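Each structure below is given as structure tokens.
What follows is a pair of complexes built around chain A, which joins chain B in one and chain C in the other.
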Partner chain A sequence: MWGFYFEQLIDSLPIFLKGLWITASVSGLSLIAGSIIGFFWGIIRGGKGRILRRLIGAWVDLIRGTPFLVQIFVIFFIFPEAGINLEAFPAAVIALTNLAACFICEIVAGGIQAVPSGQKEAATASGLSAYQRLRYVILPQSMRTILPPLVGQYVLTIKDSSIVSVIGVIDVTRAGWLTVQRIPEGVLVFGLVGILYFVICYPLIQLSSNLEKRMTVVATRL
Partner chain B sequence: MITFSNVNKWFGDLHVLRDINLSVGAGEVMVVCGPSGSGKSTLIRCINRLEQIEEGDLIVDGMNVHDRKVNMTQLRAEIGFIFQQFNLYPHMTALENVILAPTKVRKMKKDEADKLGRETLKRVGLGDKVDSYPAQLSGGQQQRVAIARGLCMRPKIMLFDEPTSALDPEMINEVLEVMVNLAKEGMTMIVVTHEMGFAREVAERILFMDEGQIVEIAPPEEFFTKPKSERTKLFLSKILTH
Partner chain C sequence: MLETFNFRVILEYMPLYFKCFSATLWLSGAGLIGALLVGTVACAMRLSQSRIVSLIAGVYIESIRSTPLLAQIYFFYFGLPSLGIMFSEEVTGIFALTLNSGAYMAEIIRAGIQSIPHGQIEAGIASGLSYFQRMRYIILPQALGVTILPLLGQGIVLVKDSSLLSLISIMELTRAGQILTSERFMPAEGFLTTAAFYLIIYYILKGFSSWVQKRLIFREAY
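Right after this comes the complex of A and B.
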């Protein structure tokens, strides 16, 4: 029985590979853009400017406090009413980038605030500019706190990317939906979907726990 | 070199500096003492604007620190500041710690800064510790690296905020020795400390503060033998008996 479906599954391989490529591109693009934006927001949020800090904080709370499914619906179905028409793929990347940026922002802000104030004072007192303080003193020290949860967040974002399948982006999850309509073996098909996500995420999970261990060792040495 | 005129500062409702009038000349060594919470740390932290003053004028090296237009980066480069907790950068070696500001603020070339850094670390007795990380150094050694870090900017003024208070007793002298040498070389120094032996040896004047006010300023001999105010006498009796 499974042998028969297995052959059909082999026939579906191209659509799975294409889905894998789409999942990788949506996640990859969102992670790169989300990291850049998230670091930028996080640095502002870990700093002194009161108004910007609150503004970003409110946005981050809003995004963290609403389901990603709702966010992507808003971008894909409500934005066109305001005249902003997006294809499914860019809509997915924008939604996921924003989500990743918000979580990364909090991780980065936390890391920056964890650097003792004496470090900032010493850097200030020696005449370094705000940018130099960040670049040479604060960020290098906060990376120790930031890196492990950051990589963990990458894993979460890759998994969250499966939700973009609802607006018709043919990612791995969507490929599963399409295949299961021809092969009524849900366990087999979604088993494969699960394995594909796992193959991408597992190395990152390992990296995260390795970083965690290494950073703890460094922290106790310092 | 440093002039306070009617300087006032508040932390919320707390009046931490009250009508401070004070002048410190070039090459002078002044020791500041007083009970905790008297405002002595705040006093020196205002000089490089780690704290803002609310009222009055504070002129340092000809520049008005209170004026928002003043280029603080430039002024801070002329003032070395030594913290009670050293505040060395833990991710950098001793050498990297001392040459960061010279290369980034003074735009000194790497090899030139390197040479200066090594010489300065040698001057504080740590020529063999250039590649050590702060965590590998004792408290006294860390504080000497911090002093070298200040000196590498070739500052006009050095400020010390209780530099020996966080040290084990047997490490205090190695730090004080470096400071005594510095004083003898003619550095302008304001030192917040309760090391009265140091004050006696190198201070031109001792300033006693209480509740945000300057209670008394006098040369060491006079300060220790015939203090004018009762508050000073009480303070001295407490710290000199042990």
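Right after this comes the complex of A and C.
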């Protein structure tokens, strides 16, 4: 029986590959946009402006406190009520970008706060401008704390992208869900889905833990 | 949008929300206890002297961490029946949550145990303490301080992850939002109320987490 279904599964491989492309583009776009926005928010949140810091903090809490599934329902079902009609794909990218930005913001803010204040004071005393302090003193040092969790966050974002399948974006998970309606072998079908995600995520997880080891070595050598 | 926000409908559906709120608490509580058990066992296996035992635990942990929870839920939901194992949706859901969180718990506990300097363990051996005495009096009390915050963080993730169980038609908070939306065509009322309930859990756990953090710093200082 498995052999028969296996052949059918091979036949439906194109839909999985198409799904893989959609998963890659949703998470790729969200990661690029989310990193830019997240770094921007994180720099503000690690800085001195009280009101902006609080505002971003409150927004991050709202996003971190609710499931991504609910967020995507809010964007996909409630925005049209306010007159903003979104296709499934842009809605997915917006929701995932926002989620990634919020988590990256916290990572970046944490990294900036981990830089000893003596360094910041020394930079100010040397007459560096705010931009120069950030560019030449604070960010290079904080990258050491930021980088490992950042790669880890990328993995989380790729995995969270599976949830956009519920609003009809045909990504890998959705491809599996559609296929399992025809081929009633859940283990085979979602085994394949799992392998496809594994191929992307596992190297990144290894990269993250390697970075972590290397960064700690650098830190202790100093 | 806000002027048309219908609070009366929300009040009408409050009993459903409270029922689903307790279901979410129950599901994630069961998942948490299960995950702690699975995580402890998997961690002990991962750190075992035997290569094969360690490898089995490693394969489990890495394959869970590299694939999305939604794919895992579908894997068990569609896969177990095709293997001839019939569970109710709730059992399948808790099973998936437990296995998923267990892998992350194992990594957290392992990080905690490995954070203890090896000299301490050697000192314990030199003092003639048995394996269990070393665990009980040297390793675990110190490891607990390192692991408790990430464990609470994982608890927050678990509560949010339980929202995915609505996709295999388990009654919980997100499902309540879907029901209100489909019965009354009011997505704003439905999903924002759901989000509010999740935020209540999030803020309580976050508050508890920062209370613990203060206590830990206090304990270290003295």
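We adopt the following convention: the second predicted complex is superposed on the first by the 222 of 222 C-alpha atoms of A that agree within 3 Å, B and C clash if a C-alpha of one lies under 4 Å from a C-alpha of the other, contacts with A are read in each partner's own complex, and residues count from 1 in each chain.
The rule is simple: contacts are C-beta pairs under 8 Å (C-beta built on N, C-alpha and C of every residue); 3 or more make two chains touch, one makes a residue touch a chain.
A quick note: this is a predicted structure, and the numbers were derived from the prediction, not measured.
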First, second, both or neither for A:165, with chain B first and chain C second: second
First, second, both or neither for A:141, with chain B first and chain C second: first
First (chain B), second (chain C), both or neither touched by A:8: neither
Touched partner set for A:128, first chain B, second chain C, both or neither: first
Per-residue touch tally on chain A - higher for chain B or for chain C: C
Which of chain B and chain C A:25 touches, first, second, both or neither: neither
First (chain B), second (chain C), both or neither touched by A:118: first
First (chain B), second (chain C), both or neither touched by A:184: second
First (chain B), second (chain C), both or neither touched by A:82: second
Intersection of the chain A residues that touch chain B with those that touch chain C: none
Partner chain B, residues of chain A touching it in the complex: 116, 118-119, 121-129, 132, 136-137, 140-141, 221-222
Chain A - residues contacting chain C, complex: 61-62, 64-71, 73-74, 77-78, 81-82, 155, 159-163, 165-166, 172-173, 176-177, 180, 184-187, 189-191, 193-194, 197-198, 201-202, 205
Contacting residues of chain C [partner chain A, same complex]: 1, 62-63, 65-72, 74-83, 156, 160-161, 163-164, 166-167, 174, 177-178, 181, 187-188, 191-192, 194-195, 198-199, 201-203, 206
Interface residues, chain B side, partner chain A - complex: 48, 50, 73-74, 76-77, 79-81, 83, 85, 87-91, 100-101, 104-105, 133-135, 146, 149-150, 153
